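Here come two complexes built around subunit A, the first alongside subunit B, the second alongside subunit C.
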Partner chain A sequence: MNSGLDAAPGIVAIVLVTLATLLIGTWGMRFSRTTSDFLVASRTVHPRLNASAIGGEYLSAASFLGVAGLVLLNGADMLWYPVGWTAGYLLLLVLVAAPLRRSGAYTLPDFAEARLGSRPVRAVCTLLVVAIGWLYLVPQFQGAGLTLQFAVGAPTWVGPVIVGLVVLANVTSGGMRSITFVQAFQYWLKLTALLVPALLLISVWLGDGAPRVPVGGEWLSPLGSGGRGLYVTYSLIVATFLGTMGLPHVVVRFYTNPDGRAARRTTLAVLVLLGVFYVLPPVYAALGRIYAPELAVPGKSDALVLELPAVMVGGPLGELLSAVVTAGAFAAFLSTSSGLCIAVAGVLSQDVTGRAWWSGRRLGGVAAFRLGAVVAVTVPGVLALLVPSIGVARAVGLAFAMAAATFCPLLLLGIWWRRLTDAGALAGLGVGFVGSAVAIGWTVAVGTTESWADVLMSQPAAWTVPLAFVTMVVVSRLTPQRVPVSAGRLLARLHLPEATGQAPQPARS
Partner chain B sequence: MSQDAGPPPERVRVTGPPRRRTPAARSAEVDDGTRLGGMYVGSLVREQLRLAIGILAVLGVTVGALPLVFHLLPGLATHQVLGLPLSWLVLGALVYPALVALGWAYIKRAERNDADFAELAAALPPDEIVQDER
Partner chain C sequence: MTRPWRRRHLGTEADRATFRTLHSASLAAPALRTGLNHDSAERSVRHLHALLGTPAVALTDTATALAWHGGGQHHEAQCAAFAVATLERGSTRMFDRDDISCPVSGCEIRTAIVSPLVVEERVVGTLQTFTGHATAGLARAVDEVARWVSGQLELAELDASRTRLMEAEVRALRAQISPHFIYNSLTAIASFVRTDPDRARDLLMEFADFTRYSFRRHGDYTTLAEELRSIERYLLLEQARFGDRLRVTLRIAPEVLPVAVPFLCIQPLVENAVRHGLEDAEAGGHIRIEARDQGQDCVIEVEDDGAGEDPDVVRRALAGDAALDSTGLGNVDSRLRNAFGDDFGLVVETARGAGTRVVVRVPKFSAGVHA
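Then we have the complex of A and B:
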C-alpha cells in the first residue's frame, strides 16, 4: 500500500509487542497450575487489574483501527459505535454483573445448564459461543493482515498467521491467569499508543493554524438521513448496548472476580477506562479529514490510524509515531484474539475436546483446553483468508448483533424471570441465531444498502432482539410445567450478597 | 520457573488451598428455604430490579433520546460549542462521563440494598432463618 514507508520501525514495533506479550505470559505462567487457573484464574483477580484486563481484551482492532476509519468514511453517525460499546458495560453492570458472578459457573453454557438444567440448551449455547467467537475473530485476523501489509509490506496472510501463533503460544501455556497480566498490559499499551501520537498530531494541527474540517453537513451529522438513518442508529444502539453482555470473551472475565461486589466495581472501572480510550479515535478521524482525505474510501479507511502520523509529521519522528500506533494495533489483535480464544477454547474443552471420542479415554482438563485453543484459532484464521472483508468495525458490529439476539435474552430472563423454561430458551436462542445468521449472510452477499430490506439486514438487532425476547417469553409461558423446580432457589443465590452473615471485605491483593 | 524437585501432584496442592478466600462464604442461613427468608430475598430482588430499571430509564431519556433529538432538530447537531459541532462534543466526549456517573450511582445504591438486606438477615430470629434441611 504505502511502499515509501520504511519497514524497519514497524517490524521492530511488532517484534517488541510480541516479545513483551510472550514474556508477560511466561511470567504469569508461574502462577498457573490448576484447571481453574487456566479457565478463570482461580477467581482471585482484583477489580483494578481485572478492569485493565477487560479493557485490554475488549479494545479490539475494531476500536483501535475501525472506529477512526468508519468515522473518517461516514462521519459522526459512526460515533455511536464507541458510545454503544461503552454503554454496553453500563447495561452489563446494572443487569448482569453481580448475579452472573454469583452463579458460580465457568462459561455461558455452564450458566445456562445450571439455570435451566437442560443439556440441549447447554449444547446450543456452546454452539453460539463458538459462532460468536469466530465471527469476532475473523475481522481481528483480517485487521492484522491489513496492519502488517501496511507496516512492513507483508502479504495479507502473514498477519493472521503471526497473531494466531502468538495467541496460541500464550493461551496454551498459561491460560487465563497469565493472560490476565498480558491483557492488562495491553490496555495501557493501546491507550499510550493512541494517546501520545494524538497529542503530537493535535499540536501539529494547532501549529498549522487549526484548519477547519473541509467538509460539513452530512459528515458532521450524527445521523444518516431520514427514517433509515434513524433506524440504523437505533438498531446499532440495540446491538451494542445489549450485545456486550452476551460476548463470550467478556462474560468469561466476570468469573475471574472474587465476588459479586468486585464484579460490579470491576465493571465501573471498565467504563472509565473505555471512556478515556474512545475519546481518541474521533480525533484521528477529524484530523484525517483535513490531512488525509484520500483515505476516506472503503477498504482504505481502516488504515487511517496507521498512516496519519507519517502523513502529518513525516521524517524520523513520523516513522517513530507510525511504529507506536502499529505496536498498539498489534496489541489490539493479540489481546482480543487471546480473549476470544480462551472463551471458545474453554467451552470446546468442556463440551467437545474433553470428550475425545476418537480415543478411548477423556482428555484431562488442561490438555483438552490446549486442543480446544488450537481449534479455536485455526478455523477463523482460515476463514479470515477466504472471506472478503466488510470493514473491521462493521463485522464486529454483526457479532454484537448476534450476541444481543441470543445470549442477552437468555441472561436477562435467566437472571430476572423465574418462569423461563428450557423450551423457551431453546426457541428464543434459535430464533435469534437464525435471524442474525440470515442478516449476516445477506449483508456479506449483497454488500450494499440500497433498499429498506438491505438496511434491515445490515443492522438487524432492532428486529432480531425483540423477536428473540418475545419468543423466549411466549414459549416459556406455554410450557409452565417445564419451569425448573430449583429456579426460585437458584435466583435467590444469584441475587443474595455474598457478605450476608460474616461480611468479609473484598480480597485485597 | 518454579523448582523442579517436587513430584507433580504436590504442585497442584501447593497452589490450591492457600488461595485467598473462596467466595463460598455465602450465608447458609438465608436462602429461600424458609418463608420469611424467601420473602426477604424476593424483596431484595425486586429492589435491585427497580434500581436497574431506574438507571436504564435515565440512560434511555438522555443518551437514548439523542438520535431522536438530532433527527427532529437537524440544526442542533452542527451548532458550534467551544469550536466543535455539538454532536461531536456530545457523542465524542460528554457521553462517557455521563455513563460513568450512572454506573457510580448504580453501584452506590446496589451496595446499599445489599447492606440493608444483610442487616435484616442478621436481625432475623435464628429459628426463622435456619434452613429446614441442610
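Then we have the complex of A and C:
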C-alpha cells in the first residue's frame, strides 16, 4: 500500500506530534503562579477549553480515517455515523450532562454506586467500562498499524506497539499532568490537519473544472438499500445517538466542569466543534470517488484520507500534505487511546488492581494505577494484532452499540426514574451486555451480512437497547421494595441547580 | 487437598456449632453497630433469629416494635406492651399463656421471653423471643444474646459520640481563626490606610470574605476550588504583613478543582506551613501548594522550607495529643479518615531543619461525599 512515498516526512510528523504531546502534557500547567495573580489559580476550566478537550479525546481514528473510508466505500448512508456521533451529544446535553455532573460521580461505576448504593451494580459497571474501553481501543490500535504502514512502510504490528508504548509511558509516568491542555491541543491539531489539506484539495478540484462525482443511485441514497438498509440505518442511529453518553472516557471529562450549568455549556460547545470537524471527512470521500476510485474496496478504504493528498497533488507539496494528515491521524490515536487508557486504568485500579488479592497486601494508589494502565493497554494491543480488522468506524460502532445497550438505560432511568432498583439495573445491564457481546462475537467470526441474522448481529443496537430498557423497567417494577431509600433525595440533588440552598454571593466591585 | 481433610480440619461438631454461632453473631453485628432503629433492626433480626432458633424473634425500642422475624406475625402487635412491662422491671421477663392471648388456631407461640437492651445503664429497647414453651436454658440464651446486642449498641453509641466530637472539633476550628491572625491582619491593613487606601480597602474585603467562609454554617464538605480561594485570601493577608519575606508558589491542576473535600481541611495545613516556614527565619520562607490529578484521586501537597519538626512530635500530633501546638494536624487527619476511609490519612514528611511537606490524597468520588 506504500505508494512509493518517501518515509521521512511521515516519520518527522509522527515524532513531532508525539513530542508536542509529551511537552504540553508535562509543562502545560507547570508554569508556577505567585501571589501576584493568586485568584487566577483557583479558576476552573472554562467550558470552551473543556469542550476542545472533549473533542480532542472523542475524535478518534474512526472519525479521522474511518468515516471518509466508509463513505467512499458505501455511500451517503454512512454519513449517519458522523451525524450520530455528533447528535449523541445533543441527547447528552438535554438529558444527562448537568444531572450527571451534579451527582459528583467521576466514573460511570461511581454514578451507579451513588444512585443505587449497590456493590454488585458497581462491579458490573466496572466490567462494562473495561469491555467498552477495550472494544474502542482495538480499532484505534489497528488504525495506527494502518497509518504507519502507509506512512513509513512499517509492518502492521509496529503501529499498535508504538502507540501502546507512547500512551503507556505518558500515562504511567504522570506525564498527563495537564491532560485538559493536551487534549484541547489535539482537537485543534486534528482539525487543522484535515482542514488545510482539504482546502488545497478543493482548490485543485476547482482547478480541474470541478468534475462531478461519477456515481449515482445507491451511493447517494441516505438510507441504504431495501429493508435491510433501512434497519441498519435506524440501528446505527440508535447506537450512536444513545451510545455517546455511555463512553467511559467522555463521562470522565465532565467531572472537570465546576457545576451542572458549565457541563451543559461545555456540551453545547462540543456540538459546535464536532459539527465543524465532521464536515471534512465527507469532502475527502467525495474527492476520493473522483480521483482515487481504486481505493473503494474493503480493507483499503480506511487509508483514503492519508493517500488522497499524494494522489491529487503529488510532488513535495503532496508529501508535505500527506505528512500533515499523518500527524493528525497519529494525534487521533494518541488522544483517544490516552483518554480510554486513563478511564480503564482508573476503574481497574479502583476495583481490581487496588484490591487485596494476593497475600492480603494491597498496592498503593500509584502502583495500582500503573498496573491498571499496563493491563488496559496490553490486552487491546494484543487483540488488535490477533483479531482481523472489520473496519475502524464499524468496530467503533460496535463499542457504541454496547454502550447504548448498557450505560444508556442505566443513566437515563437512573436520572429520570425514581423507581429504578439495583436488581433492575443488574438485569438490564446483563441483558444489554450479553446481547451486545454475542452480536460482536458473531460479527467478528462471520464477517458477512448475507442473511437477516447477520444483519441483526452486525448492527445490534435496534434490538439490544429496547430489550435492556424493558428488562430494567420490568425487573425494577417487580422489586419495588428495593428502591433505594435515598432515591428521592438524590434525584432532587441531580435536578436542582447548585445555586439553590446556598447563600447568594454578593457582587464584588 | 481433598474434602475429608478439610472437614477434619474444621473440628468437632461442638466446634462447628460454635463457629456457626459466631458467624450468625458477626452477620448481625454491622447493622447493630449503626444503632437501634427500624433499618438496623430489620437487617439484624433474622440473624438473631438464626442464633436463637426459636419460632420468632422481635426487636423493639422502648415503645414500639421495630422488626419481627419468624412465624406468628399477628403477635407483633403485643410487642409494645411487653416492652413497656419489661422496661418497668429492668430485667428479663417471661410472659406466658395468660399474657399472650392467641385467637389463631395452630399458632405454636405460647410464651415470650423479653430481655431489655441496656446502653450505658439506660434501657433503649428489648429483645423478644417467642416460643412454644420456655426452658431455663432458653431464658439464659436470650439473656446472653440481649447482653451481646447491648454491647454492640454501646459501640454504636461510641461511634456516634466520636462523630459528634469530630463535628464539635470542626465547629471549634471554624471559631478558631487565631486571634493573632485577626490582630496582625488588621494592623497590617491599618498601616496601608493612609499610604495606599485602595490596597487597604481590597485587603479589608479579602478579610471579610475570609471570615465569612470560615464561619459558614452549612455543609461538611466544600470544593477544592472554594477551599483554595479561601487559602489565597489568607495568604494575601499574611503577605500584607510579611511582604517579601513570605514567598508562595501555587501549582494547581484545574481538573481537580471540583473535587469535594472536608470543609477547612487544607487551610489549617497552610497556616501551619506559614507559621513553621517563617519561624525564626530572618530571610523569610517559601511555601509551595500543589494540587494534581492522579487517576481516581487528587493529590494536594503543602510544603514549607522552614525549621521542620521532629517526626515523633508529628506522630504524636497525628495521634491526637492535645498538649501539642500543631492544632489542625490531628483534626484534619481524623476528618479525612472519617470521610474517605483509613487509606486517605495525612502523610507528613519532615525532619529537623529539613522543612515539612504534608500530602493529602482525596478520592474524586466517594459515596455520600458531595460539596
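In this text, the second predicted complex is superposed on the first by the 474 of 509 C-alpha atoms of A that agree within 3 Å, B and C clash if a C-alpha of one lies under 4 Å from a C-alpha of the other, contacts with A are read in each partner's own complex, and residues count from 1 in each chain.
Note that in this section a residue touches a chain if its C-beta (ideal position, glycine included) is under 8 Å from a C-beta of that chain, and two chains touch if they have at least 3 such contacts.
This is a predicted model, so every value here is computed, not measured.
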Touching partner for A:118 - first (subunit B), second (subunit C), both, neither: neither
Touched partner set for A:179, first subunit B, second subunit C, both or neither: second
First, second, both or neither for A:93, with subunit B first and subunit C second: first
First (subunit B), second (subunit C), both or neither touched by A:258: both
Partner chain in contact with A:349 - subunit B first, subunit C second, else both or neither: second
Which of subunit B and subunit C A:493 touches, first, second, both or neither: both
Residue contacts with subunit A in the superposition, subunit B compared against subunit C: B
First (subunit B), second (subunit C), both or neither touched by A:21: neither
Touching partner for A:459 - first (subunit B), second (subunit C), both, neither: neither
Partner chain in contact with A:110 - subunit B first, subunit C second, else both or neither: second
Subunit B and subunit C contact sites that coincide on subunit A, given as residue numbers: 30, 33-34, 42-44, 104, 258-259, 493, 501-503
Touch list for subunit A against partner subunit C, complex: 29-30, 32-35, 38-39, 41-45, 104-107, 110, 113-114, 117, 174, 176-180, 255-259, 342, 345-346, 349-350, 365-366, 369, 372, 485, 493, 501-503, 508
For the subunit C and subunit A complex, residues of the former touching the latter: 39, 205, 216, 218, 223, 225, 228-229, 232, 235-236, 239, 247-255, 257-258, 260, 292-297, 343, 361, 364-365, 367, 369-371
Partner subunit A, residues of subunit B touching it in the complex: 1-2, 11-12, 14-16, 19-21, 23, 25-33, 38, 41, 44-45, 48-49, 51-52, 55-56, 59, 63-64, 66-68, 70-71, 74, 77-78, 85, 87-88, 90-93, 95-97, 99-100, 102-104, 106-107, 110-111, 114-115, 117-118, 121-122
Complex contacts: residues of subunit A adjacent to subunit B: 30-31, 33-34, 37, 42-44, 76, 79-80, 83, 86-87, 89-91, 93-95, 98, 102, 104, 216-217, 220-223, 229-230, 233-234, 237, 258-259, 261, 264-265, 267-268, 271-272, 274-276, 278-279, 282, 286, 416, 488-489, 491-493, 495-504, 507, 509
